[in-house]
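Sharing a structure, written as structure tokens. Questions coming.
Chain naming follows the written order as A, B, C and D, and within any one chain the residues start at number 1.
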Amino acid sequence: MDFDLNEQQQMLRTMARDFLSRECSRTRVRELEKDSRGYDPDMLAKMAELGWLGLVLPEKYGGTGAGLLDLVVLLEEMGRNITPGPFFPTVALCALPLIKFGTKVQKAGYAADIAGGNKIWSLALTEESGSYDAADINCRADYNGTNYLINGEKWFVPFAHAADFLIVICRTGEVSNPQQVLTAFIIDTKCQGLKIELIPTIAGDGQCRVRFKNVKAGKQDILGGVGNGRKVFDFIMQSATILKCAEVSGACQAVLDMTLAYAKERIQFDKPIGSFMAIQHKLVDMLTEVEGLQYLVYYSAWLLASGQKAATQISMAKAKAAEVYQQVCIDGVKIHGAIGFSMDHDIGCFFRRIKSAEFMLGDRDTHLSKVASGIGL
Amino acid sequence: MDFDLNEQQQMLRTMARDFLSRECSRTRVRELEKDSRGYDPDMLAKMAELGWLGLVLPEKYGGTGAGLLDLVVLLEEMGRNITPGPFFPTVALCALPLIKFGTKVQKAGYAADIAGGNKIWSLALTEESGSYDAADINCRADYNGTNYLINGEKWFVPFAHAADFLIVICRTGEVSNPQQVLTAFIIDTKCQGLKIELIPTIAGDGQCRVRFKNVKAGKQDILGGVGNGRKVFDFIMQSATILKCAEVSGACQAVLDMTLAYAKERIQFDKPIGSFMAIQHKLVDMLTEVEGLQYLVYYSAWLLASGQKAATQISMAKAKAAEVYQQVCIDGVKIHGAIGFSMDHDIGCFFRRIKSAEFMLGDRDTHLSKVASGIGL
Amino acid sequence: MDFEFSKKEEQLRREIREFARRELAGRDLITGLEEESLDEDWEFAMQMSKKLSQKGWLTMAWPKEYGGRDASFFEQHVYMDEASYRGIPGMTMGVSGIGWVGQSLMLFGSDEQRKKYLPPIAAGEPDGIWCTAYSEPNAGSDFANIQTRAVRDGDYYTLNGQKIWTSCAHRARWCWLAVRTDASVSKKQHGISLIILDMKSPGITIKPIYNYAGIHIFNELFFDNVRVPVANLVGTENRGWYQLMQSLAFERHSVAPQFYGTARRILEIIIKYAGRTNLHGKPLASDPLVKHKLAERAIELETLKLFGYEITWKLSKGLIPIYEAARNKAYCDFVMQRLATTGSEIIGAYSQVDMRSKWAKVEGSITRLYMMFPGISIAAGTDEIQKNIVGQFKMGLPRPY
Amino acid sequence: MDFEFSKKEEQLRREIREFARRELAGRDLITGLEEESLDEDWEFAMQMSKKLSQKGWLTMAWPKEYGGRDASFFEQHVYMDEASYRGIPGMTMGVSGIGWVGQSLMLFGSDEQRKKYLPPIAAGEPDGIWCTAYSEPNAGSDFANIQTRAVRDGDYYTLNGQKIWTSCAHRARWCWLAVRTDASVSKKQHGISLIILDMKSPGITIKPIYNYAGIHIFNELFFDNVRVPVANLVGTENRGWYQLMQSLAFERHSVAPQFYGTARRILEIIIKYAGRTNLHGKPLASDPLVKHKLAERAIELETLKLFGYEITWKLSKGLIPIYEAARNKAYCDFVMQRLATTGSEIIGAYSQVDMRSKWAKVEGSITRLYMMFPGISIAAGTDEIQKNIVGQFKMGLPRPY
């Protein structure tokens, strides 16, 4: 039993904290929210140089072959700094399933470009309903003898407008057993029939609607085999979800840190406001939840990384992340008072992202249902 | 718009508060919890003398013909003092439906004895499931050409062991439309085939299991007509529920009062504990909820009394009562510290009754569902 | 006990409904302060204020001599509730004027001040738009810590200092301003005065503060030797603190009926959305989790409604509801937060969609509420301050700090 | 990062499970302190303590010389968790002795004291049963306000005063007692000493306090000129406050693993109940509201589990987890309350049925928990006290009163 990061993880954390506080200040985050690309290609290139994009990719594809727990540490730091951009969709949503399910040809063809920061990827999974239940995937891929023709819409696809490739999860069979008939495709965003529109969000965080009209995909574009989309889906719903939780956990830590600092420094009635019991106990509650979330994230990531059953704990972490992040942001803003409500203050950057974090990869109720079935209900 | 009680109600409140603080001290309440009857017949007789048992009965049956709102005021005071005994089942659960649905013969035969405090009544409605959904009534009454034969079990029947008569709601038709085939019967507890056992509860508040084995009932024993049990049921689920809420509201006020008094008087760290912000704000939250509950009870009782649609608001009041009573008791005990946890302290009398108040006449989820359908869901 | 509105009050409600139907067809529901942000919204709000004035509703509870019509507190309640429910812009005219400046001037102002300042408010004119400047960087919850100085110099005060979080300053003709006129006092509460500031005076700089949803409601105000005639002093010099407390109470009185109206509308919109939106092949409205969350919100709103009734009833009896106003403010904040979070859970990922985008659901109302509720809850006093007031004034507890 | 228990620890867990299966077959789950109430329960608990001692588990983390076996903190953790999960009575022997008296004596006690008092604890003997008397009528949260006097008179102290909320006093052979030995100090924290009191001493009156569920755990203690040898002083006279703080920290360390074990068991029992109980013709377990409530409780328990791991891990690294212990205590109270209320909602009206009645559901566990949680949460420091500790020791905030 050991809660400590290993040396490599500690180095990674220090490096990430240094780099991000230098390159990705919150002022920069606010600028990028207004930027139509929503991210900074130079920053991404530097991340690639630091080896972050290839962190979990095998060495033969230009990666460093680190483990999921290392990526958790890195994403926690990115969460602390928000770090807008396609890192998460490329690495967490796509590189991991590519390495897990890709054919040799696919891996050889795509992985090195990911590691090098040359290509951006994203995942087109949820649809107009916003649901992350496999049964709600309606986007179809019908085989016409030579190709699959993809038709339908995908929503809230992060950074699709910047992406070179999408992993698209489609329905390829009949509806009688909706869970068994999914297939994942790798689609070049330059292909015909694909239309990408930016959805204007509060956080300006580059979520898109992607429409498919007779988009062609060949057998070589299938990830994980025909009819195996459910496996890809399940894999993503575990690995990407826990990584999203790591990001949220880092964000929660940052909000707590800035709120605590403010509560010490802000004087009202001749005392720091943190000395008023109602405020102080709220801060303690925040700390308890933030620490609890962090440990739950570490624990479920460790379960997954060490090959144990992790689905229930990952869903626990996601449900808790949604709740804690929202509560910490609300309490944080309220403790800041009016200043926390202004565009110039960092805490707003976190507040604007509450709902994005909550709904990406499944909302609280979705994951509570998974927890319920995991505990025998 | 007027939140004030009228003069008659104010007099009733003063009289009730005087009488109950004299005759029904909390020490007496604790004694009665240990008493096998669970109530004090002398106290009940005095209440009858004061005209309380006949408060809402017409004058021709020895009542005073007061309205539902007056009874709300009285039950609020009884709730403040807990007042163990069969007043609630006799008046709220039985006298009101008797007057509403009884035949002339029934009213003439029974009402005066209720007003005079000579006969005790109770309602046998819920069953082993504890559910207050009409569909969950399984106790059957089958007609054999001359009589109905009642078979089944009723649970949590308050003061059945002391009752002379029970109103029993039974299934008399087929299950195809379970809501339409209920019938209410008036049953003499001395009849053959009826077995009453006291269920030992935390509050020693006289709830019983009643078993029926071929209990005979004639047509003259039917309340409200054959197959009209649903109407009786619906009536009770409104009028008795709001009266239960009034009782709970009074109990909440009492818990708040005693907790506030203690917070002013208890000194720790050289200050009254009510001056610590966390405690003070908890007291303020309690006050807000207790006042909110009181107004919601008054409002929904007024809706019902003035012949308007009241079902949704009554369910709102019941759902809120369950939540507020529990919260106020928990916070109240915690603010009292260890002393609140001891058998000798009054607050425990209220704590022991949380669950009885919560589940009698339908739990929070049951009433939230009714609210949901009331607001168009 | 009687919870019925009078025939007259019900008639007023119908007229407001009719007015809204006619004037607002097709416009989105914009909550409260947001109308101050964009020029086109503000312009529309001002048109509405004028029309509401012509209907006799804007300051209906004011005495006739000041442009009101001596309407009852209950009629005013109905106006606040129904106009909020209908989302009529301009209904509070930037809040300050009809919210507390008018009533405060009636209590503490000179005859000249009443004659000069009240009619343009009642008329719904641009000259009746006020802002209120109390807060400073170091005077938030600890409001008595005001440092902005007004130094008397013959017939004028000279103002220097800074105010912050001044909503509507960029729209206002006048400012209801709290300043320090005596810095030598030992008790901070003393030495504060209320003055009326002409926003056209030289030496005022207005710097916008955008909130984190990009909406311009708040401003910073800087005063550089601004000259204010002594005639603009309200009431007695150095006694401003007590007048301020009264003004704040006026402010909190209308919180419950006003927010109740808005919230009831939003709840209804969500319920309709849940009825027409399918998930997993069934309407959201049939999901027990959705049902119970919304039922809980409905109970909170019903409670808020009654809290609003209660305060109006007490005002109508000539009582001064101090703790009730603070309780209602804190309860509103609680209800807002719960409604915003529940609403966002129901519309899901769409709650992050910009409220003015074509993809916004439920008219953007949830996203708007979600983005605004922390700010609204801080305005007019934090939760902590409200609860302290209830603790002291209602429960007789010592001040907890 | 590694959350795996060692093979040895897992083996221990299996042995405890085996032990419980053999020894407890068919007995109800009785949470913690309740075993002190009834004679027959207490007798059984004492038998179990003896057996647990023989298995080497009771004080396994103690050094061998005091009757332990130098087991790791993780083994002790596994014992606390698993024995609680299995509901083994006697596992904490009335709490004080193995909870903090033993460890405190190892830190502050004299050699003679260790030799005399530790072996009976380790052996699970009646002579190893302790109670702890800190609280007084006017010294609850404000614990330094202790008034019970011990006046030195040659080789003896003479005790006078009163203690309250002393659990296990009616079962204990010894009392771990905080008294005032110097009443002249200006700072209340000074002048307090810890002494060992023989419960057979003349002049002690024990008055039972029944809790509101009728269970006898607490007592009042009255001291009328009770004589205590000076040799029974623990550590340094008048320095007792600091020793007390350390004892309290020991007490809080085991809160999380112990309560986690109990709570996990209760949650499983409720889940099974929901699976086998039908309502409206469907199992409760298929009701989304039931599912989500229990899922939330499961998440809280998982968090508590990790908080428990963390504290054990820190202890194992030689750290002194102060704020963590306070945080865990407060979090336990929160989790207990939520589990009790959810559980009661699921078993419904049966939650009011006496836990020892034939009609009790889920082995009476929910009713028991519901009746006990407010008391347990007050014991060893209220929520407010715990949060103050976290605020000061972890967050660097000033004391809030």
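Convention: contacts are C-beta pairs under 8 Å (C-beta built on N, C-alpha and C of every residue); 3 or more make two chains touch, one makes a residue touch a chain.
Note that this is a predicted model, so its numbers are computed, not measured.
A.B. asks: Among all other chains, pick the one whose mean CA position is farthest from the mean CA position of subunit B.
C.D. replies: A
A.B. asks: Could you compare the number of C-beta pairs in contact for A-D with that for C-D and name the larger?
C.D. replies: A-D
A.B. asks: Just curious, how far off is subunit C from subunit B if you go by their C-alpha centres, in Å?
C.D. replies: Distance between chain centres, rounded to whole Å: 42 Å.
A.B. asks: How many angstrom between the C-alpha centroids of subunit D and subunit C?
C.D. replies: From the centre of subunit C to the centre of subunit D is 52 Å.
A.B. asks: Where does subunit C touch two or more other chains at once, residue-wise?
C.D. replies: 288-289, 292, 384, 387, 400-401, in rising order.
A.B. asks: Send over the residues of subunit B in touch with two or more other chains.
C.D. replies: 271, 276-278, 281, 365 - these are the residues of subunit B that touch more than one other chain.
A.B. asks: Provide the residue numbers of subunit D that touch subunit B in the complex, in ascending order.
C.D. replies: Spelled out, the residues of subunit D in touch with subunit B are 135, 138, 140-142, 145, 164-165, 209-214, 218, 278-280, 289, 337, 341, 344-345, 348-354, 357, 359, 367, 370-371, 374-375, 377-379, 382-384, 387, 400-401.
A.B. asks: Which of the residues in subunit D end up touching subunit C in this complex?
C.D. replies: Those residues of subunit D that touch subunit C are 287-289, 292.
A.B. asks: For the complex, give me every residue of subunit B touching subunit C.
C.D. replies: Residue positions touching the partner: 1-6, 9, 69, 260, 263-264, 271-272, 274-277, 280-281, 283-285, 287-288, 291-292, 295-296, 298-299, 301-303, 306, 313, 316, 319-320, 365, 368-369, 371-372, 375-377.
A.B. asks: Applying the document's contact rule, which stretches of subunit B touch subunit D when the two form their complex?
C.D. replies: Touching subunit D from subunit B are residues 126, 129-131, 133, 135-136, 155-156, 199-203, 207, 209, 267-271, 273, 276-279, 326, 330, 333-334, 337-338, 340-345, 347-349, 351-352, 355-356, 358-360, 363-365.
A.B. asks: In the complex formed with subunit B, which residues of subunit C make contact?
C.D. replies: 1-5, 74, 267, 271-272, 274-275, 285-286, 288, 290-292, 294-296, 298-299, 302-303, 306-307, 309-310, 312-313, 316, 327, 330-331, 384, 387-388, 390-391, 394-401
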